[in-house]
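You will see two complexes here that share chain A, one where it goes with chain B and one where it goes with chain C.
Then we have the complex of A and B:
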């Protein structure tokens, strides 16, 4: 027994989240899968890989609470569908079989609103070809949740060994990001605080499965992760950590939309440290990096794909940011940058 | 974003400035130690990794440039005592978590005291307009925030409003640091935003007294690199002068109206700066004509005796430019932004907080 309590910082997708998971979850459920082709909880990857006789099943689950539930560019329904589809994609499972969806609704919420969230979810599922196959609905008393909590689980089948592990990078591999970073987090913060900026800020929330599939068609993709909580900075640190390699990121190559960069500067936050919900970061074999980038640029949501860095044998586990002026380390953001944005 | 030319972040220009710095350091044939006195300079240096590209033989250290960090513990204690006595205490966000002798304002607030975050002195006066309770503005910062505090007092704020001044004036602290036997300084970068108020002439006395060059610098990476070039040119030529390297914002004469307000309301008195000890005339006290708004004269403030409690925190040494955050045994271990031991880890302008947030310069 301890007298510790869970704080919002524990949920911010940062160092503290990892500490909490290590304490409470990995100890209990973190045993390595018997089959070496599997991926279990201890990997803290985007999902699990469960090998079968003729292939492997990939499964992932995520609860979505967002304030406000409807925001520029999307809502909690769209977010819940994309979040899970994208976690599957980050594991290399780009053709999901289906989703489950469990919705907890606060009493007093207008039915029209729930209807709209489910419409948004359905639109994403239709586009990706990943129907909701089962679900659950609970209603709780006023104040017990803030309007709605949506939990989705996704299942996909892949060939044995075809998953993309977080630890897959080798020295020399290039990092490719599929589009501008930080849009979701900055748009949410601005919406929540009622800040109005001259240029509209819009969340990037969108499925990325087609981007991962397209990249793998034209090049050898060695690792993938979706930069959600904790943003790009957290995602690349996780890749470096998992592979025990160093990464060098060219800050000026990392795309950031003008409106997002301007608003982030005003709000005093770094767009590299806040969530994206429609981007993917890929490790790609060096000889294939330009081809993959160009292929992504032909896809919806990939027009601004860039090569932003490379893996090196130096400084294992650490990410060096080349700012154009000098070099510094890019740390995992600590504490609660933006609560409840995904 | 704006173009590179407008944002003063252009890598090619940075490269050229770096080359010039390298030649200048070779020309002065030495180990040059420059001190800046501003958290915003430290942030620019850390955010862009500038220290990683400084030539060997050139060190840039931070001095007493974080107003939150140099606020002395007894000053925090006074604010806590006023909050605990039932008055509304309004202050800048950073101050709320700075530890006092027994507690911080945040701890007082958790225990029920009314402590409010404000962004300006006038916002604090607005709070007083909406309540009958006493509202005390715990006023910290250098010239840039002292002048607006002065303006509020000159406008005649409500009778239930008062100011607990922890305002400080930077130039005399530069003297103290330059005089300190353990601190070697070959030149100063002065803070461009403070100079928009004071002007550049104010640094002439620093130059004369210590025979050290002072360059008033802006806050983009090219501003910092260019200012270092000017400083090293002075050193190469054996000239100690004041150079305005931030003329797009700073007029040599400063802001006359702001200065008039500042010195009409405040006078310079001796006071403690955390880490630098007593500075003879760098604490700003409210003058007699405005005494009715001085919280120290309005209230009897009882504070706990300073227990001189030992701590491994070396915030003071860091503020005096004698140590760097990574020299501290607590840095990143016992002392982090989420549980800070010293003010240097609390404030956004604190060197430890800045080092932590930006990961530190790449080490060879």
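Then we have the complex of A and C:
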């Protein structure tokens, strides 16, 4: 028994989220899979890998709530499709079988809007070749949710052992990011608060399965994760944590779009700490890193791919940001904006 | 056996800091000088001496113990009682046992003593021109010692076996170098080497010093390996060289310390009070922050400030260098950006910013930065308590019966070990925000624990969820104990005054409060074990979080109505009118705008409002520049807006800022700056004094980084004393975050014994 309540910070995809998950979920469902080729819940990876006799099944699920439901560059429907397809891709499953989609709608929401969200979802599914195979719809009272909650589950088959675990990095591996970071998070904040900026902001929400597939065609990819909640900073910390090695990220190499950088500066937000919804961070064997980067640049959504860092044996579990004039830790954002400097 | 008639014998007990400072050899020399017999030994009561001889000589020798102790000793009491003369001849120094050594720590590092200075200048001395001479009264200690007991084989000097002459001196009780563990001469000691940046050796020994002087004179930037670390040096009087140093090190504005050849040379560019002169010439040689006198080269050394940090030469190397070059030198710590100071030749030669380096082959065991002090309101205050003072003990009012290790905060970190009735703070560690400094934190902790001969039962740390020092604490001991930031500051003040309770004002930049709010303008009713906020600054927002710390004009967005806010924020040349409008909206929405009650942020915001400083390029810059501006102005009489709010008394920050902005419309900025500082002092004093009266507390203290501000501290003390209270200010513990570890140790000890 405890009298604690869940706070918004628990949902921010940060250290607090991890604490809550550890307490409530991992203890209960986190038993390691019997088959070493599997990935279970305790790994807190992008999805689960369930080995079968002739291969493996990858499964992942996410609920999508977003404020506002429609934003520059996308909407909750597009987000729901991309989020799940990208989680599969981050597990190395780039050719999904299909999705399930459960929609909870707030009474009073115009039908046209729901229609538009589902259109967006369908467009992504068509492009990736990953149809919605099953679904569910529920209606709740006015105010019980904000317009819609969309829960998508994705399933894919892969060859046994072909998945990309978060823990796959080795010292020397390079980190490659497929494009500018922070576009989604900054665009969303601005839309939510109605802030105007000189250059328009657009979410990056897009599928990345083709990027992961292209990268694996030309090089040895050792790990992958999609930097969603908590942004790039959280994603790379998860990689360091999972593999129990250190990462060094060159701050100046991490791509940030000008419009996003400008808005982030005005708001005092670090683009490295807010969500992307159309990017992938890959660990790549050192000798293949440039080839992978160049290949990504030929793909839609990969034009600004960069090599941004490397794995090291020092400071296991920690990410160090090389700022060009010095080094500092790049922590997982805490979900509270507490200045540390004085 | 001598005749016992006409002889007098006494037993003398000397207490104070009298062990590990060459006291026994001093007693032996004194006995020899007065032709006395007897013995001397260390005990846990202090040094116990027996003198026997001619009655006049005995009295004179006892007086001598009191009046002329070795420079590193500090004598509390000399008590003599008569004994029966025995007629035994000779004078013995009893070796202390390892057990007795335990009660003593390794002594701190100090500057060269006058006798050694004479030796290196005396052409006939075997130490003539030798950079690394030392004796029992001076030289490196802490920085070269690995473990106790303090003997040569456990120091970096183990690599330099004594030559015949040095061995003789080491074994001669009447010699100043008797049992001086760091004794060395040109024959047996470490050697200097002057290298190009690529490592090529250009000269060694005294020739290396000649080259060093030549290259400095030519405007070069040179790394100099010293006692506990390394300096970057260039001619302070050559603004081009100083600019080059700034560019190459990426330190555009940080004030550099200066080393001047002599006290007379200091007087040529800074004003020195009698008390400051005493600090400056203290054998421990701290950097002393003085008011500059406007010399034109000072602005490159300390841009925009009215002060300059100055020290006098401390090692033999420095004295010899100034024998070749009679000009002040910049002496700033040599470190790769964001990392601790270099301690090895390779690390120093690896720096991209140097043209040459003077290195040597004596290993640095413990990195130890220069100490920095400033006389604030007439009292010496530590900005950094490190070389010369570490590892001395400070009082712990409550013995917890357990060893407490405290790990400090984030910036200016020190660690401290509380063991029994004392606390030993470590040297300066720095901002723990990168792996290299985190590694130094662990090293410094291990070294200190080994010197104290103890292991921690409990680790005390700050409550801020983002501080790395807390992670280190978690790794170090089973039990960890959080101490709130401003309680640690208050406990530090109470601890060094050995007081149980007081009203304490803790005014600084950032500290995580019990309610999760970033605090820093706190009036606390404090005891050693606990404290509660009774008032202070009202809360205001920091639009952009850390961005508002970096660009303080942002803070103004939260303090004014829209029109005034936008104009004020947009005065920052890096912020457009559109951006200023957005920042104002941001403050109103609360997005990424944490609330705070920080006095440091209030001063930063005033600095931006007056156009004095728009960007914090080093810690404290906006407030320091405001202080420099205010130093030229006169405060205008205003009443601080203080009111009751929800059980607290607060200085209402938005009203105060509006008042200041109204004044700024038609008064000179320097007068407004002085007014803002006074308003802050008055506001905090008003709340503190009323609280003290209501709660019947006799003492009112002032701590936190704002307590380095001369005018604010003075005004606050005057108000407190005028109201009939005892004022408590820091003497031995830094008011800033360098004193947190001590405060955490004291607070945790008190709480454990509750």
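Criterion: the second predicted complex is superposed on the first by the 335 of 342 C-alpha atoms of A that agree within 3 Å, B and C clash if a C-alpha of one lies under 4 Å from a C-alpha of the other, contacts with A are read in each partner's own complex, and residues count from 1 in each chain.
Going forward, contacts are C-beta pairs under 8 Å (C-beta built on N, C-alpha and C of every residue); 3 or more make two chains touch, one makes a residue touch a chain.
Remember, predicted model here, so these are calculated numbers, not experimental data.
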item	value
Partner chain in contact with A:252 - chain B first, chain C second, else both or neither	first
Contacts of A:334 with chain B and chain C, given as first, second, both or neither	both
Touched partner set for A:267, first chain B, second chain C, both or neither	second
Which of chain B and chain C A:189 touches, first, second, both or neither	second
Partner chain(s) touched by A:199 [first = chain B, second = chain C, both, neither]	neither
Chain B versus chain C as contact partner of A:137, first or second or both or neither	neither
Residue contacts on chain A - larger count, chain B or chain C	C
Touched partner set for A:325, first chain B, second chain C, both or neither	both
Set intersection of chain A contacts, chain C complex versus chain B complex	268, 320, 323, 325-329, 331, 334
Chain A - residues contacting chain B, complex	9, 16, 252, 256, 258, 261-262, 268, 320-331, 334-335
Contacting residues of chain C [partner chain A, same complex]	250, 336-339, 410-411, 433-436, 464-468, 508-512, 516, 518, 520, 542-550, 554, 578-579, 582-583, 585-586, 589, 591-594, 596, 598, 600, 619, 705, 737
Chain A partner contacts - residues on chain B that touch it in the complex	1, 9, 11, 14, 46-53, 221, 225, 336-338, 348, 356-362
Complex contact set, residues of chain A against chain C	15, 189, 193, 195-198, 246, 265-269, 314-315, 318, 320, 323, 325-329, 331, 334, 336-342
